[in-house]
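Two complexes, one shared chain (chain A), two partners (chain B, chain C).
Moving on, here comes the complex of A and B:
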């Protein structure tokens, strides 16, 4: 994996390689290099399988991390490409022409995180949510509890217990 | 500065240049298969545009079962996530438990005891059997052979009995947790499992006779939903859908996990890549799983710890990191991508279910030119479970 990282480093600006296991590593690269890096990895380095594509919201840093996990079928290696993009007006280039299945991931990311992928088929259509009016729900600043309390009402007479307190009393009675 | 998109860098695909469908012309008709329809695989629907009885366009719609698991997990401690992950996939919940537990263990640096790994493998293989039985019943039922579905449900129920005595639950077992498993095998379990496997094998042989050697089944399944092997990687196709196309890809062999390196089995492969080949692969894989369960019961250590020592779960913080854990479930590659930030909660958990790719881009491509009566058969042949699409 380190050799691959060094080879890729000749063509692209890469961050440090984070080797999680012998067959899994992650590397950060600038968003401008993502498409060419993905094409290079698919066509030359034989990372032919897009395992998944998802986002992580680093709210404190005001940015999203997009993760593209690619798999090499011959060596059975996984390489995660991380791209950091700003949270405000977030957008990224589409890779649906490289992997048609990426269009689904991008459609979901648009809906759940509000990250736009201009040109991706059906990216503006609702995927899971219908008639959603709030901020994209997988963003960290969307409060599920607040939304649930605002939208739904408690069943009358229902007794609610805090699971953390109940578990603490049950598992660690000495601490209570 | 406004963002301007460069279309030269993301050109349209050839497949996107579809013919214009004018619904006003009276030539086409919109037809919804699902969400309430016997010929749909669970909580999803396919919006069909048909010309006569031929489908000219199909669009998958999901969202009927969205419960926001990935978001819920961000607000739960690592141990609180464990009982909810199995609910992501009803027919084969154990893969969620395994992938979640393995991801937490890797990020927290926990070494799972050997005996727990054997029991985990046993559970996963039992889950694969159950899932394949649901498929066999569904596939036969989609072509009008409802009796086979009843046979499959009967033997699946026997396997649920074994799950119940092992884990205490029939569907959501909540048995594989970070650090190990909740218990060992009950007394006499091997004997009772042996009887169940015998009954299962006998039913499988009957199913082979009346389903795979049935002229009607062959007539309808052969050639249906052919997946060109060239599409496997572009469309993220995995599991039996790939093995039915002649490629011996199986994560249990390619990247062995748990105790699979200590078990003997060959990857089941067929060559025609159509619904019939996929049925044959899955039917043979039940026999394979039966054999694996027998091997596991023969080799499983009788003594030894079942749980590693884990920290106080109320104050359990996992250092910053990220990982991806995958396994070969009955439908293909199942995986969990987990990111931690040093706090007591996962920063992000993303579930990669095989149906995510099979039911969306792939299905929409395969469904064109299929007869309406074969749509149900095609859907089932891809072995789609919608909950893992929307989580």
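Moving on, here comes the complex of A and C:
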């Protein structure tokens, strides 16, 4: 993985390699380099499989982190590419022409995070949330509990207990 | 509104042009009506006995609870010995089991399926999610009380209920039908506006007729 990282470093501006396991590593790179890096990895370094594509909402830093996880079938390596994009009017280049499956991920990200991927097929159609009017629900400033209480009627008599406290009181009644 | 549901002008194969308004032309707008019981108590009891012995379940799994149906269909638990069978289409079914959590998107399909079923029809809510949302009580996308949207005859508690619990539920439903207490379809017809108001409050893109049987 280190060798691969060094080789990639000749072509692209890369961040540090974060090695999680021997066969799993993450690297951050600028937004403009993602497409060419993905193409390079697919065609030359044999990362032929897009495992997943997801986003993280860094609310405090005003950024979204996009993660593209690629897999090399020969060596059983997973390489995650991280891209930071601004949170306001967030958009990203589509990679649906590199892997057609990416279109589905991008459609989901558009709906759940509001990240736009111009040109991706069906990206503006509703996916799971039909007729959604609020801010995208996976954004961290969306209050799911408040929304649920506002939208749905709750049945009376529901009670929630903290599992840790309940089990402690049940198993060790003397300590409380 | 979906494009195929909008009013439009169509040219037929013979070259004639005509207007089509799918919501009016393809669907019947008449609302459901309450079906009165048979003219005599003894006849109604006979009908109810017959109904209780022919329960046909719509094979529609809305959530994880659908996994409990498979052992019921197979020899180990074998629900068929009680005269209960699964059907692939709402037109042939009279029992709808809401198996587990119900998302708003699925609720829309469930309403369509329910309304296409023949009366008398019954609804069973399976699992805690249909009762009070279960573990999805604060989810933005699952309904919390099934009986706001559909007339539920019976709830089977558990997360998940075992197949034995379902068998017991079926037998309870049979007893209810024989006693004349499973009048869900009539409740739905009588409180049709209330159900529609509740349904439209959560389904924001209502692009189907109000009653689509």
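Quick note on the criterion: the second predicted complex is superposed on the first by the 155 of 176 C-alpha atoms of A that agree within 3 Å, B and C clash if a C-alpha of one lies under 4 Å from a C-alpha of the other, contacts with A are read in each partner's own complex, and residues count from 1 in each chain.
In this text, contacts are C-beta pairs under 8 Å (C-beta built on N, C-alpha and C of every residue); 3 or more make two chains touch, one makes a residue touch a chain.
The model shown is predicted, which means the values in this text are computed figures rather than measured ones.
When both complexes are overlaid on chain A, the residue A:96 reaches chain B alone and has no touch with chain C. Look at A:163: by the touch rule set out above, it reaches chain B but stays clear of chain C. In the superposition on chain A, A:132 makes contact with chain C only, while chain B stays out of contact range. More residues of chain A are in touch with B than with the other of chain B and chain C. Contacts of A:155 after superposition: chain C is touched, whereas chain B is not reached.
In the overlay built on the shared chain, the residue A:118 is in contact with chain B alone; chain C does not reach it.
Of the two partner chains placed by superposition, A:173 touches none, neither chain B nor chain C. Of the two partner chains placed around the shared chain by superposition, chain B and chain C are both touched by A:144.
Of the residues of chain A, those at positions 126, 128-130, 137, 142, 144-145 touch chain B in one of the two structures and chain C in the other.
Interface residues of chain A facing chain B in the complex, by the touch rule stated above, are 18, 20-21, 23-24, 26, 35, 48-52, 54-57, 65, 67, 69, 73, 76, 78, 80, 89, 91, 93-97, 99-101, 103-104, 118-121, 126-130, 137-138, 140, 142, 144-145, 163-164, 167-168, 171-172. The touching residues of chain B, counted against chain A in their complex, run 3, 5-7, 9-13, 15-16, 62-63, 66, 68, 70-72, 74-75, 77, 79-80, 106, 233-236, 249, 254-255, 312-314, 321-324, 326, 333, 335, 337, 339, 347-348, 350, 352, 356-357, 360-362, 365, 390.
Those residues of chain A whose C-beta lies close enough to touch chain C in the complex are 126, 128-133, 137, 142, 144-145, 147-149, 151-155, 157-158, 160. Interface residues of chain C, counted against chain A in their complex, comprise 103-105, 108, 131-133, 137-141, 143-145, 148, 201-205.
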